[in-house]
Amino acid sequence: MITLLFFAYLKETIGKERLQLDASSMTVKALKQQLASDYGLDLQHVMVAVNEEYAVDDRVLQAGDIVAFIPPVSGG
Amino acid sequence: MITLLFFAYLKETIGKERLQLDASSMTVKALKQQLASDYGLDLQHVMVAVNEEYAVDDRVLQAGDIVAFIPPVSGG
Amino acid sequence: MTTLFTITDQPISIEEVVHKVIRPEAGAVTTFIGTVRELTNGKRTLFLQYEAYVSMAEKMLAQIGIEIKERWPEAEVAITHRIGRLEISDIAVVIAVSTPHRKDAYEANRYAIERIKQIVPIWKKEYWEDGTEWVGNQLETKAYPKGKPEGEDVV
Amino acid sequence: MTTLFTITDQPISIEEVVHKVIRPEAGAVTTFIGTVRELTNGKRTLFLQYEAYVSMAEKMLAQIGIEIKERWPEAEVAITHRIGRLEISDIAVVIAVSTPHRKDAYEANRYAIERIKQIVPIWKKEYWEDGTEWVGNQLETKAYPKGKPEGEDVV
C-alpha cells in the first residue's frame, strides 16, 4: 500500500488529508492522472514528494511510499 | 569664544575633549591649520562639524559655534 | 542541541533565532522577518492560517541551509517558520544569517527567503471579510501561477 | 513617542528595535545586527570600546532615515547603536527596516549600514593582548584610510 497526503486546497477539495492506495509500480505521473480523473482535479501545478523529497514524473512508486501532493507553496 | 570638541585618538593625543578658543571669523581651514601646528597633528583626514553638521573648509566660524573634530568614523 | 531549522505553532522569538547564529568569527548578522500584511492589492486581510507538511518543510529548510553553505561557506543560518492562525503584524518567519562580512549576510539571507517561497511545503490561507483563499504562488500577488514550477526547483 | 534613532550605553534589544518598524502595511522587515568579532585579519580582539559624539550621531542616524525615505518612500527605519565597552559577540548596532516588499527592505537596510560607516560620528577602539588602536576607516580593515572622506559624505 501507498499513503497519499494532501495539503491546503487539495485537502479541502478531496475532503481528506490521507488516503491509502494500492499503487505499487505506478509512476508518479500515472498516479497524478488517476487522481485528477477520480476527483476532477487540475494537478498541473501540483508537485509530488515521495518520502519527503520532490520526485520527478517518471518515478516508480513502491509499497510503503508516502506520496505527498504539494500545491504551489506560499510560505515566508 | 568658540568651543572645540575632540574625539577618539584626537582626544587622547591632545589630552582634552574640549577647548575654548577665540577663533571668530577664522575659517574652518585656518583653524585646522592652527591646531595641526600647535599640537603637531596630521588633520588631513579629520572632518569638521560646526554645530553638529559637517562643514566645508571655507566655512567662517562665529562666536558661540561648537566645532567638533571628527576622525574617520568606525561605527557599525 | 539547538535546532537551526524549525516549524512551530508558537510565536517566534527573534532574539532566539538570532542567537543561534551569533558567534565570535562573525561580525554581521542579517535577519529577514516576514510579518502578516493587512492589505494585499487593496484587499484587507483579517487574519491568516498557515499550514505545513511539517516534517518535509523542516527538511527543506535544512536543505536551504546546505545550499547557502555551498555558496557562502562561512555563513551560518537559522530559520523558524510559524504555522497556525496569525493576526495582522504577527511574525510568520525569521531567517537569521551570520557571516564574517556583511555583504554575504545580506545576499545569503535574501537567497533563503527566495528559496523558501519556492521549495518549502508551507501554505497560506487568507481570510477576508468576504471569503477565503489559499495563496498559491511564490510571487505574492496572484492566486495561482500560470507556469509550472521549474525543474531546478524540484530537487 | 518612540525614538527611532538612538545611541545607548545599554545592551540593545533586537525585538525592541524591530517593533518600532513593524506595521500593518509592511510585510517585510530586515535587520542588520553588527556584533563584536573576535578575529580581524588574524588578530585577536579582547574587547572593544565605542565612543560617540552622541548628539550629532543621533542627528546623523536620523538623516540616514531621511535619505532612505527619499530613495524608498515606503520604508520605515529604526537604528540603535551602542557605545561603551563591548565584549566579543555583543551587539553594537541594530538597523531595522520595514517595507511592503522584501527587495526594498534588503536594499534600504544595506544602504543604512554603509552610510553609518561613512557619516555617523562613532569610533571603535580595539583592545588586543599587545595594545590598543582606534579603528579609523570605513573599510573594516585598515587602521587609517589613504583617501580623504569624499565630498558627498560631507553633508
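A, B, C and D are the chain letters, set down in written order, and residue numbers restart from 1 in every chain.
Convention: a residue touches a chain if its C-beta (ideal position, glycine included) is under 8 Å from a C-beta of that chain, and two chains touch if they have at least 3 such contacts.
The structure presented is a predicted model; accordingly, all values stated were derived computationally and were not measured.
Chemist: Could you run down the chains that neighbour chain A and chain C together?
Modeler: Chains in contact with chain A as well as chain C: not a single one.
Chemist: Which contact partners do chain B and chain D have in common?
Modeler: Intersection of chain B and chain D contact lists gives nothing.
Chemist: Starting from the mean Cα coordinates of chain A and chain D, work out the distance between those two points in Å.
Modeler: Going by mean C-alpha positions, chain A sits 49 Å from chain D.
Chemist: On a C-alpha centroid basis, what's the spacing between chain A and chain B, in Å?
Modeler: 72
Chemist: How many angstrom lie between the centres of chain C and chain D, each centre taken as the mean Cα position?
Modeler: The answer is 25 Å.
Chemist: Touching at least two other chains at once: which residues of chain C meet that condition?
Modeler: Correct list: 34, 113.
Chemist: Give me the residues of chain B that touch two or more other chains.
Modeler: Residue numbers touching two or more other chains: none in chain B.
Chemist: All pairs of touching chains, please: list them by chain label.
Modeler: A-C, B-D, C-D
Chemist: What residues on chain D touch chain B, complex-wise?
Modeler: Within the complex, chain D touches chain B at residues 34, 50-53, 55-57, 59, 81, 92-93, 113, 116-125, 134-138, 144-145, 148-149, 153-155.
Chemist: Touching chain C in the complex: which residues of chain D?
Modeler: 13-15, 18, 22-39, 88-89, 98, 100-102, 105-106, 109-110, 113, 140
Chemist: Mind listing the chain B positions that touch chain D in their complex?
Modeler: 5, 7-9, 12, 44-45, 47, 49, 52-56, 68, 70-76
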